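Got a structure here, written out as structure tokens. Questions coming.
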Amino acid sequence: MSSASKNSAAREAILRRVRAALPQSTPLPELPASGPWQTFEDPTTRFREVLESVGGLMVRVPDVGAADAWLRDFEPWKKSATRLTVIPGLGDSTLDLNSIDDPHALEHVGFAVLKGHFGVAENAAVWVTDADVRHRVLYFIPQHMALAIPASQIVNNMHEAYGRIQVGGYPFSGFISGPSKTADIEQSLVIGAHGARSLVVFLIEEW
Amino acid sequence: MSHPPLAAEFTANRSRAHWHDKALWFVREKRDRMANSVPEWEQLREHASAIKMHTVSQLPLYLEQFERNALALGVHVHWAETAEDHNRIVLEILQRHSVKRIVKSKSMLTEECHLNPFLEKNGIEVVDTDLGERIVQLRNEPPSHIVLPAIHIRKEEVGECFHEHLGTEKGASDPAYLTEAARGHLRQKFCQADAGITGVNFAIAETGGIVVCTNEGNADLGVSLPKVHIACMGIEKLIPRVSDLAVFLRLLARSATGQPITTYSSHFHGPRPGCELHVVLVDDGRSGIIQSSEFRRSLSCIRCGACMNTCPVYRRSGGHSYESTVPGPIGSILAPLKDSEKHSSLPFACSLCGSCTDVCPVKIDLHHQLLAMRGLLGQRRLIATSKKLSMKFVAGIMKRTWLFNLLGKFARLSLRVLPRFAIYHRFNPWGRQRELPEAPAKSFRQMYADRKSTASNPGDKSK
Amino acid sequence: MKVALFIPCYVDQFYPNVGMATVAVLEHFGVEHEFPLSQTCCGQPMANSGCMPEAKPLAERFVEVFDGFDYIVAPSGSCVSMVRHHYEEYFDHNDTRSRKVRENTLELSEFLTRVLGVTTVFGSFPHQVGIHQSCHGLRELRLASSSEVMKKRDDLLKTLLGNLDGIRFSQLARKDECCGFGGTFAVAEEAVSCMMGDDRVNDHVQAGTEVLTAGDMSCLMHLEGIIRRQKRKIRVMHFAEILAEAVNVPSTARR
């Protein structure tokens, strides 16, 4: 049997067995974006507090220029030999992303400045998509990372978050909350597991 | 082996068992604080439970919808009836791409299918990239917890293991130092891998996409460099809508580790340009569980591990004492559903305290299922004959009040007159670390009768 | 109101004073009661061992014995939970007689607070009391808030004991962890069971508990067994015994 016909035979067999004794259908709950969900008087403050609790840093600045000035004084940025930005005027790039075809070439990126779409106050997650970078690995491979979002773009909770995005529209999209971390050795929290060792989220007021 | 002797062995090292218990209780407390910070927590649990129950009731529909949408996104969809089929499918994909090395992020499904040894036997290097999983892989042992695979290992032991395999300094045991060493070691593996394998936390029928959650970023790094991404999932991972993700992502990490959300919650909807994304849908007994009204709800599990963290038995007996891929309360249901004879002691490794049921983010009635599983084992004659006989015997007594009274009197008398050595000996497990109750001369019914007869006058307070 | 006493089999044989205290408490609140003599065991040990066929005749017997009473009151959350939550499978869905018995079987603190509406008990008990939340009372009958669930419920034991003169409550590190009794679990998993019990006892020792109490004698039998073996200075009392003792002492708050 070819693997295609094996696959369709398995498919039929599984679906047949699942259909064999299905329970009575129960309703699917309504989940409106603005339901009885937790909101915050000041979502930005909550976002900052939660981000700090997960090891990240929020920096609120009036414009891109101010973010750039802040970044150039930031130790990890200053120490990174290989730097990359996708936001004009916020940091600079030491390599040309558009000339890179193989993502392995990004192995040594020390710092990347990338675009986030919005933040979620309840968990400090920032929504990112691969429409904003040529290689999605950039969200995971740099030693340090900054995400910039417009300061007005903080939603309260995940229901509001999913209410405003087209998840299926991007091969890759996701939420990033803080730098990479692990507690797999005796429950001791260590920041910088495989991904970024630090995460700065810029909230830019005039963008 | 059965659970009790392995548990006894684990508790014999009391300070280590306490250390293990405290580490997990710490996670449970973090979970409590997180749950407490969400006013609608209980409502979220209700919703999560309802979504899962609904999904399973229409699973064929959602599986087909998922497949249709995934195919439209350019995803290759595979169906595997058994663990063996799953392994074969994965191997075929890897062989088609001449893959020699893979990196794999956490997937309980691939553990269940024993994918690693299968691929290794076929000449493929498999590297588990979750730090905890890498530690247990290097130590050549299974994970002891589904979220915290190396929770049973002390940092000094990780230090020894890394000294041997990764060349860290002898005697070094600082978690930050060891993690840094693993980071360097695994970066190499990420960059050398020809394919990445991940599990799936949620598969969205409405879009045909999958969601993978990690804190380390290992799943994402593992599938963003090589050209092939294989995602392996049980068919129960389906959810109908994108909006359902809000409920589950709010519950998952809070329940699992007491974090507001995992660091990375990645949504994959199709391959990178010039690359391939494969999704393997695995049955391996799940369709049978769907047919069981008693145990169907066990399929709602989102593998957060909260039931393990809260289980007073798991915390004190360690994950390995369960000898099953998924240990703890949920594992004690899933494992006997797979092989009731091999795992017949697990539903009894439980005091029926119900903490697991109350902590479960999808409201699986875990302790009731454990009780029902005991009944199933009884039906299948998988309960020790001695236990069955003694229960028959006691039930026989309880059916006859006179016999109950007589034997009760005899038992009380024995406890009062027998010398200590006749009561406390090796055939009395109760008395090894505990005293038996001090036997009174009279039973309640005697005292009640005495009192009625002496006090049956107008002064009787009972009116 | 016709109230039957349901005194669990092991309480009948080994803890008659707990039964008598239950009687005294009911009488204190003017409740007439009866003890149906043919009662034995509710069948929980068999059911929890997976021997449902052995439990079934005992469940049927229980309904037979307690049919016709308005309430069936027991000083044990665990046995009550067996009747109320686990008898269903032994009876026909339409069997109204068994349904009525099941629904009207109440744990003592439930009966006092929810049926009699007791909100305060006047009396004196000048001791530091450590409450052990017995699991089946807590997570099956919901006699208090369990620490896992983010929903506040009245703590019935605290309601009943809280107003006694001089009483103080222990602050435990783990306020509702299982003691490790668990029926046959106590013997089948002796090592884990005793470690759990030992940990509970230590928590109470650390907290300064003088009197350890609970709504279930089975948990207390296990914990007392450990306390006595280790020669700890903690008195073990069912909450009915505390109430019976407290109401006998003139209270300063009593009007």
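Read from first to last, the chains carry the letters A, B and C; within each, the first residue is number 1.
The rule is simple: a contact is a pair of C-beta atoms (placed from the backbone, for glycine too) under 8 Å apart; a residue touches a chain by one contact, two chains touch by 3 or more.
Since we're looking at a predicted model, the values are computed, not measured.
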Chain contact graph, described as a line, ring, star, complete graph or other shape: line
Chain whose Cα centroid lies at the greatest distance from that of chain A: C
Distance from the mean Cα position of chain C to that of chain A, given in whole angstrom: 51
Centre-to-centre distance between chain C and chain B (centres being mean Cα positions), rounded to whole Å: 31
For chain A paired with chain B, centre-to-centre distance based on mean C-alpha positions, whole Å: 28
Residues within chain A bordering two or more other chains: none
Numbers and ranges of chain B residues touching at least 2 other chains: 38
Set of chain C residues in contact with two or more other chains: none
In the complex with chain B, residue positions of chain A that touch it: 3, 7-8, 10-11, 13-15, 17-29, 31, 33, 36-38, 50, 53-54, 103-104, 107, 120, 122-125, 130, 135-137, 139-141, 157-159, 161-163, 167-188, 190, 192-196
Interface residues, chain B side, partner chain C - complex: 3-4, 7-8, 11-12, 14, 17-18, 21, 25, 32, 35-36, 38, 41-42, 310, 312-313, 316-317, 347-355, 357-359, 367, 371, 373-378, 383, 387-388, 391-392, 394-395, 397-401, 404, 408, 411-412, 429-430, 432-437, 439-440, 442-448, 451, 461-463
Chain C residues within the chain B interface of the complex: 5, 7, 9, 11-20, 23, 27, 30, 32-33, 35, 37-41, 43, 45-55, 57-58, 61, 86, 135-136, 138-140, 146-151, 174, 177-178, 180-199, 221-222, 224-226, 228-229
Complex contacts: residues of chain B adjacent to chain A: 23, 26-27, 38-40, 43, 46-47, 50-51, 53-54, 56-60, 63-64, 67, 69, 73, 78-81, 85, 89, 92, 129-132, 135, 148-151, 153-155, 158, 175-176, 178-180, 183, 186-187, 190-191, 204, 206-209, 215-218, 220-221, 224-225, 235, 240-247, 249-250, 257, 259-272, 281, 283, 287-288, 290-291, 293, 296
